[in-house]
Amino acid sequence: MVKQTLNIGLIGHKFMGKAHSNALKNLNMFFEPGAMVNMKTICGVEDDIAEAAARYGWKSYETDWHKVVEDPEIDIIDICTPGLSHCEIALAAAKAGKHIICEKPLSMTAAEAGSMYASAVEQGIRHMVNFCYRRVPAVALAKEIISSSRLGEIYHFHAIYQQDWVDESTPYVWRFDKKIAGAGAISDKGSHVIDLARYLVGELKEVVGMTDIFLAEHQDPVSGDMKPVTTDDAAMFLARFENGATGNFETSRISTGYKNALRFAVTGSKGSLRFNLERLNELEVYFADEDKTTQGFRTVLVTDAQHPYVNHWWPQGHIIGWEHLFVHQYYEFVRAIVENKAVQPDFYDGLINMQIIEAIERSARERCWVTL
Amino acid sequence: MVKQTLNIGLIGHKFMGKAHSNALKNLNMFFEPGAMVNMKTICGVEDDIAEAAARYGWKSYETDWHKVVEDPEIDIIDICTPGLSHCEIALAAAKAGKHIICEKPLSMTAAEAGSMYASAVEQGIRHMVNFCYRRVPAVALAKEIISSSRLGEIYHFHAIYQQDWVDESTPYVWRFDKKIAGAGAISDKGSHVIDLARYLVGELKEVVGMTDIFLAEHQDPVSGDMKPVTTDDAAMFLARFENGATGNFETSRISTGYKNALRFAVTGSKGSLRFNLERLNELEVYFADEDKTTQGFRTVLVTDAQHPYVNHWWPQGHIIGWEHLFVHQYYEFVRAIVENKAVQPDFYDGLINMQIIEAIERSARERCWVTL
Amino acid sequence: MVKQTLNIGLIGHKFMGKAHSNALKNLNMFFEPGAMVNMKTICGVEDDIAEAAARYGWKSYETDWHKVVEDPEIDIIDICTPGLSHCEIALAAAKAGKHIICEKPLSMTAAEAGSMYASAVEQGIRHMVNFCYRRVPAVALAKEIISSSRLGEIYHFHAIYQQDWVDESTPYVWRFDKKIAGAGAISDKGSHVIDLARYLVGELKEVVGMTDIFLAEHQDPVSGDMKPVTTDDAAMFLARFENGATGNFETSRISTGYKNALRFAVTGSKGSLRFNLERLNELEVYFADEDKTTQGFRTVLVTDAQHPYVNHWWPQGHIIGWEHLFVHQYYEFVRAIVENKAVQPDFYDGLINMQIIEAIERSARERCWVTL
Amino acid sequence: MVKQTLNIGLIGHKFMGKAHSNALKNLNMFFEPGAMVNMKTICGVEDDIAEAAARYGWKSYETDWHKVVEDPEIDIIDICTPGLSHCEIALAAAKAGKHIICEKPLSMTAAEAGSMYASAVEQGIRHMVNFCYRRVPAVALAKEIISSSRLGEIYHFHAIYQQDWVDESTPYVWRFDKKIAGAGAISDKGSHVIDLARYLVGELKEVVGMTDIFLAEHQDPVSGDMKPVTTDDAAMFLARFENGATGNFETSRISTGYKNALRFAVTGSKGSLRFNLERLNELEVYFADEDKTTQGFRTVLVTDAQHPYVNHWWPQGHIIGWEHLFVHQYYEFVRAIVENKAVQPDFYDGLINMQIIEAIERSARERCWVTL
């Protein structure tokens, strides 16, 4: 069998561009999704794009994304730009018949996301939104456990995602500007936990929440002026899932001492589990159906060959890092392209995610429950 | 100086009666609150009251609480009965001029609590509601740290209190009956975390929440019939504190794998802390003002002589158990009586606590924010 | 059935005297060993003995231990004095036909321990050395698990007991003087882990070790002079058990940051377990015979009614403190007296323990393996 | 400035060959050691060498290592073969003037290691033995803390390295054969903890230890015969460091439940620290010179830009995996070549490491202390 080669064009070369480039290199070395992925073109508007292309291993680079999208040799467009341009690029790429993987959140608004999803369906392409935490081996294991009914009926889902990259001394950045960033913690971090909730437990039915700006302004590092913050520092919301479970969500970027602390817990009638992104190689699990005298939460080191994705990496007990989630995500995406099958999280997931974020913002504004 | 002796009468001799009796014995042995407490009379209606009195070290026993309240030699009435009778006993005790310590929640309704508080103030007695978790050394240390401003401005308070004593196979008990228990998890467990929130962060301004019954009926162990549950299995609510902090609360009695898992976290502009009742001798603390390379949450083993209450017990590293919180509570109460000064948590705290619970229940019922 | 009453006389009223008095009060209230224990006489030579007797709940006090030992009404002698006088008191008590419970280590020398054991056997009394950590519910559970063969063949036993009560600024105390204390860390702390090793795994066959004095002198708080240290600050030894398992032991009183950190781990062919005294309500257990994908060490909160001793205390998840180990120890001792049966750890265990300590000291001195 | 390019030839293409190849790809992308490393030739004797070369990104491959060593264009030889051939390859490579990085342990015997070290010195090449755990950011941070004297005088070093890849059902592999593997746990795992001890605390002065074979034979997967085991399943030893500190070491490959559990602890007069390879992004640190009421071990998440190596990777809180240690190691090695300076761990470290392993084996055999 001749192995297929897929050419990829990556739009955006900063933090996420680096992470995606790294993942692509690892993909070919560690996984066999059925096709080789050729790192054809990277695109960026800053002066360092040439150097980044060389350093990251791209065959060529561009400074105008239209050229990448229009390149007939390219099969996949990977969108790593800020959210403002996601929709425009994705619509163009879909129109050009490219498969698309897009960073999260999918868009600035649910309306944009809706058009992106419609376009993707219409064009019959593969589409993915990069909620990468579904691809943590421990999270994929959690999904397996829940799907197997070992936890019984799910009663409660909690998730909290705290970081502390913002304090009074933080210089003004684009993430503080609603016009560019769309939203703050609820979008940047909250979108992840919303996706995990839907992945692990199911669809949400209704939400009530609040959003907050605690630090009203930050100093512009160029002008020295104080500039107002228009995105939320923190957000919380309660939810009801369609299956009756309760949801409790919180996210904050001003949580002193928490570096990248995404934690969730699932509580069911027959068992429970817990996860912490800062210890992403571990999953804590409790089963009620065991001998009473030795029951307790187990700390499973999710690094055995039996565990999702792990057999591609190292022997047991040799932990993997955060960036490998992107490799796993690409693995699923390329397999879906090769095998011509659906893959999640896709633009539909990105759309629902945006709808939930907008519902929370409306709930916070109007101080009411909002039905989804 | 002649040391005072205070006679105490305890109403109720089951779980809490046992815990209080134990605390009184420890009080005289390990603490010096300025008075000896004489365990004069215990009161209970079941047949085993005589045996309990002997076993727990009481001088005498009664089966009618009125006699205890009316005993002119008794200085303190300790109310450990189910919530239904708290108000009646307390009003009678206050009228008789007794100092009162009452189990939590203070009453069945905020209205009852209001009358209890008014009566206590009018009679000029010392009054306390036994929210004992204020007296965990680690919690008292948390209070000291927050009061010293080392955490800066408080941004977030989270608390979750999970147990798993209820599942499908649990026989019907009085706690499932709203008429007797008042409420379920929100009252039995939620009242504790509400009190901790007020103690550590300040007054709440508004709440929005939901309550749930997941297991609609349990089998009556006597009749064998299935009986309906009218108290909540779980409750969650969001809150705003008057100082602007956000509050996130959850409580559940059906959380498989969680035995007595009251956990809270306080996040401030300069530091954060965390507590877990199942490891009540520990407090986790983070300070932002330290050398960046070695910052991290510390696990403080709160068993040194410097720590609150600890110098009365054992050398460093020798942990104490849950029941000692009651000893510390009595210590504060008796000191307040001897020194004729106010002491918290008092009936006012009990009243506010009931008002918050009622506000949450109303919020859950009417699906709206409720201002306190 | 008439319930028996046993009169007890306690020699020593300081730290251990306080702990034992507390345990006796709890025994009658929480346990039913088949007899009531009457706290008849406490004995101490300092001026505060009268106050201690009153505070701790003793009927009478003495300043001469001979009078207690000779009191015909007394059934049990409890020896809480420093090690120097254990042997003399125990021999007298045995001769007087009293049952004896004695603090650890049993004596100053193995020779003394031998005579104490011989005398106890000869007089037909019940005898116990208070290695109280056998009575931690989690440790008793560990014993049950090992005895049930769920861990398979035992390969390794590790134990480390670290404290930090000694540093350069510590004033001179009697524990630094070999003539009074017998030995340092190897005796005070090491004796505990040696006892746990024998309890959990079996008899030792041979040892090789080293002992160290790191801080050669401390200032006498009275004279202000520096006084030399003649007991070990730290000790380590390797061992072979008779069943072939390996043993690794370490103890230190100068381990900065460790408050009362006795930890042990048992590794077997089919499972493993771990314990830490600073979290004494927990036991970590791993079983190899389970589904590979969810294997991991479980943290068992040893507070359920199924667990050893726990049903006498509080509901699940309500942790107990260090001092309750003494209650459990008394419970076993009194039951043995009432039921006229052997109980461990007894003077034989105390004797073997002393022999092992002496073997380690000899090994350290002669730099060789020593066969037991 | 023209950036140098260094051509590398890698001998061995299995587990370690894969890990090294991966590290080289990452090196050029994430680090700037002053030279680009060109992955010129990989060498292996199995049939899959061509595929591995392509998959891992090598320009060419060979099946005879002599050709790689003799290739005049190659600057660096990386030895990833089993220990049997380390010496021969290294001597040839040194003679050819190549810089050498060699997997651990350096050789089969200390004598071999001595000749390798002598040859490297004589040829004036850069040489490194790949004890990669020095390059864990948390371990490098531990080294910084100890070097800064914040822990004061070091009293104790403990290290334990447990895995469970061997049990009764494990098929026979070459690691069970002393003639090929040299030794068992003491070499494969023990060499790592010995290196960490020397790196963090200093040179050892003397050792006493024991080695064990618990599972005497395993079934040959080809012949079906049981074959005897001649390498140790487990080893333990005590040590004295030249600076007076005590050392306690244990390693085992039959420790049920432990996947890759290398843990060490350093205890000093002013502070202590702890590390666990299964949570390699964390370091626990205790400082004695802080406010007594909030002292405790901190869990430092070693993922900040201030921490060693971390600024080359991802933002704070985004943990890295085990394989990145190899990238850091290469980074140090290439820098040393470019800057023409010494680098550790070098062949001298590899030599001392072998001497210590041989001393432990002799101590186990002769049952005595062995001076180094």
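In order of appearance the chains are A, B, C and D, and numbering begins at 1 in each one.
The rule we apply is simple: contacts are C-beta pairs under 8 Å (C-beta built on N, C-alpha and C of every residue); 3 or more make two chains touch, one makes a residue touch a chain.
Because the structure is a prediction, the values reported are computed rather than measured.
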item	value
Minimum number of chain-to-chain touching steps separating chain B from chain D	1
C-alpha-based rotation, chain A on chain C, 0 to 180 degrees, nearest 5	180
For chain A paired with chain C, centre-to-centre distance based on mean C-alpha positions, whole Å	54
Centre distance in Å when chain C and chain D are each reduced to the mean of their C-alpha atoms	42
Geometric centre distance via CA averages, chain C-chain B, whole Å	35
Multi-partner residues of chain B (each touching 2 or more other chains)	258, 295-297, 301, 304
Chain C contact footprint on chain A (complex, rising order)	141, 144-145, 284-285, 287, 292-301, 304, 306-307
Partner chain B, residues of chain A touching it in the complex	151-153, 155-156, 158, 160, 162, 164, 167-168, 208-210, 212, 214, 234, 236-238, 240, 244, 246, 248, 250, 252, 254-258, 267-272, 286, 288, 295-297, 367-369
Complex interface listing, chain B residues touching chain C	15, 19, 21-22, 25-26, 28-29, 55-57, 163, 165, 258-261, 277-281, 301, 303-304, 313-324
